[in-house]
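Going by the order they are written in, the chains are A, B, C and D; count residues from 1 in each one.
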Amino acid sequence: MHEARRPNPLFRNLSAKIAAIPMILTALVVFAGGTIWTIIYSFTNSRLLPRENFVGLDQYERLWSSSKWIISIQNLLIYGVCLLVFSLVVGFLLAALLDQKIRFENTFRTIFLYPFALSFIVTGLVWQWILNPQFGVEGIVRSLGWTSFSFDPLYNADIVIYGILIAALWQSTGLIMCLMLAGLRGIDEDIWKAARVDGIPMWKTYAFIVIPMMRPVFITTLVIIASGIVKVYDLVVAQTGGGPGIASEVPAKYVYDAMFLSQNLGQGFAASTMMLLTVLIVLIPWAYLEFGGKKRG
Amino acid sequence: MRYRLLTAAFAATAALNIAGPLQAAELEVTHWWTSGGEAAAVAEFAKAFDASGHKWIDGAIAGSGGTARPIMISRITGGDPMGATQFNHGRQAEELVEAGLMRDLTDIAEEGKWREVVHPSSLLDSCTLDGKIYCVPVNIHSQQWLWLSNAAFEKAGVPVPTNWEEYAAAAPALEEAGIIPLAVGQQPWQTTLAFQVLLTAIAGPDAYTKIFGEKDADLAAGEELAKVFEAAAQARSMSAKSNVQDWNQATNMVITGQAAGQIMGDWAQGEFQVAGQVAGEDYTCLPGLGVNEVIMTGGDAFYFPVLDDEEKSAAQADLAKLMLSPEVQVAFNLKKGSLPVRGDVDLEAANDCMKKGLEILAQGNIIQSPDQLMSADSLTQINDLFVEFFNNTSITAEDAQKRFVDLVANAD
Amino acid sequence: MADVTIPVSAPPVHADEALVGPSGPRPRKVISRRNIILYGTLFVVAVYYLLPLYVMIVTSLKGMPEIRLGNIFSPPVEITFQPWVKAWAEACTGLNCEGLSRGFWNSVRITVPSVVLSIAIASVNGYALANWRFKGADVFFTILIFGAFIPYQVMLYPIVIMLREIGLYGGLYGLIIVHCIFGMPILTLLFRNYFTSLPEELFKAARVDGAGFWGIYFKIMLPMSLPIFVVAVILQVTGIWNDFLFGVVYTRPDYYPMTVQLNNIVNSVQGVKEYNVNMAATLLTGLVPLIVYFISGKLFVRGIAAGAVKG
Amino acid sequence: MMDTSNTPSVAVRGVSLNFGAVEVLKSLDLEVGRGEFLVLLGPSGCGKSTLLNCIAGLLDVSAGQIFINDRNVTWDEPKDRGIGMVFQSYALYPQMTVEGNLSFGLKNARLPKDEIERRIARAAEILQIEPLLKRKPSALSGGQRQRVAIGRALVRDVDVFLFDEPLSNLDAKLRSELRVEIKRLHQKLENTMIYVTHDQIEAMTLADRIAVMRGGIIQQLDTPQAIYSRPVNRFVAGFIGSPGMNFIEGECVADGASAVFEANGVKVPLDRYEFAGGARTGKAVFGVRPEHVILGDGAGAMPFQSDLTIEIVEPMGSDSLVWGKFGGQNLSFRIDAERAVAKGDVVRIGFDPGRASIFDAGTGERI
């Protein structure tokens, strides 16, 4: 009777491995493989079809010398920072208001969150009309008599990004409010009682006690919004199409235009690699903080 | 007269019917002619193609060439090609041809003696690569046109100008009358079009060919060009209030008299026809801005991706022949407002603007379109420069010229 | 024991004598300053949120003349559903004038299989990761999660090539696969967290009884994971229905989902811009995710929060 | 502190509180003397925490009034009531250092800087938490956190300390250590303290007086010793003392001037028992504490003796708990560990009926 060999580790829970093949394929081939492929080809001068003649950093030089890219980066910074700050502040305020055990809490929450269910295309179009000079808000106010009133961000190159910001805020603040509300409801009731007994006014309790306690919720929400910001595309296409001129260009649109419009894949790959970089700059410290922390702590 | 044409058309189709057992095949044809006039013109192709027994499947894609081309290209490179597709004359499909994705039409060309028929021959050269012909030019669109609304000038009490200087001079009067002097759409290609029409008119056609063709950067930086940029800045201020998106919306402003004029190719004429306006009475057309009368041989050509389906390939051949047949050329170009590519066809029914075009074409002072001279990549960069210039008044003519020179220096 | 003066336990004074001074609950003014600020702000923000929806509905029920003359906030004088009919069946993109209906059925044909397939795969992934830890599983999972953050643009073209190689580029199946790929990270995370939260003994007991990988999955895990399935369905239906980028890149005109069709209709203009038809079309496109949102209510929040917060 | 001799430090008059239809407190009256340590004792859900929260002002009463230092504070905010509160979960501000926790309330009350430092130093010295001042709560042990929580009330120089089951999160050893510290603190500060717990050992050891509560009503308010020896009803008797009091159901029968308690053949003469309203007859429950039952030679001196066969012996280290039958029902009593007894031994036990308690079988009230 031969002594039972230790089963080859490969075949241990074989069916689990087979079942996980789609995941493995997606992770390795699509995510890892796709990303590496793009990075490699960002060093070639592929035009309509990918080809392997490498040109070093030419694509990146051209990228950073193109005013369209510079404008899209500026837009991304303004849009990103403002969206982060405003949605966190407004989201938290709304959550704090809703946390006051008021009546109609559910109705208000439903109202604030319904835009999140809509697609960016719908949001972009709606806000395009509302901000339209003849037809939208400006037209109305003028018809009410205040003829010199002007509020047409989508047609003014310097402030068009803020027009897009209004639509983005309308869409995403609802989610932030929910995340904040979940965070607030997670705080131990006794902390509130202790603060009341100590005579600390409501706003101070929020500012100095509750918000510091909600740091992890803030950070996670920050990362979610940030990764969404870098990908902004549909909203700009629907609302301004990058106009007026190239004033509301965003990186994601630069990539699509480069790849498909100017038929210059290399430039598109270079731009998307840059986008990847911006996401990693936000992500790695968070991942380290979130997971690295646990291993060390 | 008209009767004679109809019988000829009927005879031709009859002949086709007899020739060999004809399998009726469905052929999907993609294009970006979605405005009123354009749709009417493409319907002519469809009618003729259906008459020949096949079935025209329309693949119209909205949003002008900028939106449509990427979709067409990704379908062809993605291995799911359509039956036939529109491109502009020039190098847009260059790489597709090099990659062998486009069907070689040389045999059909020889049979139809396209070399002699197509005039000017430069159109066919844009379709040729290493001696083989890969596309069928179907029309000539010249961008060098200025369309003026007679009504708008009457309202402003100013005579209809005959050239750019008079038009620019009339701008203040127009503004007082509450009319937008120049209508320009927001899409990038429209602002570049306005610029190079000004360039050809003010600096002359050979300056245009040197800069766009030979990428002559010194000329681009020269005094001659500075004047052109001045005119462009003037055009910018004249078109400040026109915030419409598509070109046909801008044309619509001219038709309705909200705007005095528009620099646009002769495809705008289709819109005037659909709106029932008559050249000379309701609107005036000035080729080359009335300064340098020249015709640009821009326009559209149809490419035929390689298909492995026998029937469809046969249908492709029929469509290719049909598109260049005299009758279809006449019917199509009349509706489209463009000039036919066949030298041997005369268009009596054409209105006087088309006739002006035909005369200039006959005299032979023609220039190639930017698409024929420059790669899509460089052209898009120039488009971005001018759309930014037209929308951001803080960019002076000098800055724009400097950046234009860089672009020309390393364009390909 | 500290010397403490213990009060003589006097007979308790009962409520019948009138209690002098404040007693009972503190009188709270209903119209207090706090309430005004609180409800006032919430009301103003609610108006800001509801305004666009109101404008869309109102305008979509008006005829074009009424729109050109009146202002967008005034309710329709004579209500007409013609814009809705036109948006659904007659609006044109280029030559084919079939309105949004084709886009709607395309979206259904894209969303349903994508949701089913992506949830099936993700739930199996989650189950495998949670209970059958095999070597390297975590490496793939981490790559997957990083994948959720990588901007789509980075993988846009490589996927075009992959689909082309397997001959699915341009069709519905291609887009369905793309949605499965990009839906997988968040869903796998959702299922993994849910399955790890289930009591471990359950799984061990089943193993002892000799149930295999699939036996446990179907007989034990699946029946218990209805709540997370509902959450996953909500997440995927809204996500896939609202997608635009993949719809534009990976399909061709006659397979366009509703969002792409909407963008084409609204942006391709024949002469004058028909705002009422455009608004009706926009509402139609937003209808399905809104219905899913209103039906699922709280679950929606938990799903998105769970998907997002954990993501 | 002005000496107002016996004006109560905290007085609760006719207070009742109901959440919707549920009546949690039923018109309750209570007076706590100055410097007194009063414990609110009772099973969970008896309303003890709710009462504490009402006194603290965290809950609005439905009726009645609350006085602190003879001032009607019914409508006052917690901070204006001169009270400090220590919670079961400590409720320290997690992101602030210990010093931050102590000074945050004072800074808010805009006390001058040196005054704040002085108070913190004093509290730190009393609670021996000087080394901890710079640390964050997450770096402290359960006991240290509890001391900081107490310190938070201490620095505010409050008149009344309120404790809401402060020790129930700690392990047994730490609990007894902190119990002693709280007692020492009370003796040192001489503040009034109201302490809520469900642990009757804490109640017995800490309290000047205990209020045993059930169903929102104070069952008995008295010194620990009084409650231990003369429980007013069967509930209080059963709740205080562990192991619990033995209950033998039977009947009181008149016997000349006094009475006799009979249960399945056992007769206990009640001549030494002080009846509340004179001897009574009828169904009754005879309660005797295990520690009052003496075994062996000592039993002889007891006024009542009887034989008992041992059924179960539960050794508990310092002593053992022995179970047998008396009057047909279970009776337990303590013996010191050395005495070797085994199942089946017949032993003589004795106790003084005068120290027992008898309750009316129906109402459970002491008779």
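Note that in this section a residue touches a chain if its C-beta (ideal position, glycine included) is under 8 Å from a C-beta of that chain, and two chains touch if they have at least 3 such contacts.
Just so it is clear, the model here is predicted, and its values are computed rather than measured.
*Asks:* Among the other chains, which touch chain C and chain D together?
*Replies:* A
*Asks:* Sort out for me whether B-C or A-C is joined by the greater number of C-beta contact pairs.
*Replies:* Looking at contacts between chains, A-C has the larger number.
*Asks:* Farthest from chain C in C-alpha centre terms, which chain would that be?
*Replies:* For chain C, the chain whose C-alpha mean is farthest off is D.
*Asks:* When the centre of a chain is set as the mean of its C-alpha atoms, what distance in Å lies between chain A and chain C?
*Replies:* Taking the average C-alpha coordinate of chain A and of chain C, the gap between them is 16 Å.
*Asks:* I'd like the Å distance between the centres of chain B and chain D, where a centre is the mean of that chain's Cα atoms.
*Replies:* 97
*Asks:* For chain B and chain C, let me know how many angstrom lie between their CA-based centres, rounded off.
*Replies:* Centre-to-centre distance between chain B and chain C: 45 Å.
*Asks:* In whole angstrom, what separates the CA-based centres of chain A and chain B?
*Replies:* A distance of 40 Å separates the two centres.
*Asks:* What positions in chain D touch 2 or more of the other chains?
*Replies:* In chain D, no residue touches two or more other chains.
*Asks:* Touching two or more other chains, which residues of chain C qualify?
*Replies:* 249, 267
*Asks:* Using the touch definition from the top, which residues of chain B touch two or more other chains?
*Replies:* 74, 77, 245
*Asks:* Among the chains present, which pairs are found to touch?
*Replies:* Taking the chains two at a time, the touching pairs are A-B, A-C, A-D, B-C, C-D.
*Asks:* Residue numbers of chain D touching chain A in their complex, please.
*Replies:* Residues 53, 56, 58, 77-80, 83-85, 87-89, 91-96, 104-105, 108-109, 152, 156 of chain D touch chain A in their complex.
*Asks:* Touching chain C in the complex: which residues of chain B?
*Replies:* Residue list for chain B touching chain C: 30, 32-36, 39, 42-43, 58-63, 71, 74-75, 77-80, 245-246, 248-249, 252.
*Asks:* Applying the document's contact rule, which stretches of chain A touch chain D when the two form their complex?
*Replies:* Against chain D, the touching part of chain A is residues 188, 190-191, 193-201, 204, 208-209, 212-213, 215.
*Asks:* Help me check something: in the complex, which residues belonging to chain C touch chain D?
*Replies:* The touching residues are 1-2, 4-10, 12-15, 19, 21-27.
*Asks:* Spell out the residues on chain C that touch chain B in their complex, using ranges where they run on.
*Replies:* Against chain B, the touching part of chain C is residues 93-96, 160, 163-164, 167, 169-171, 248-249, 252-254, 264-265, 267-273.
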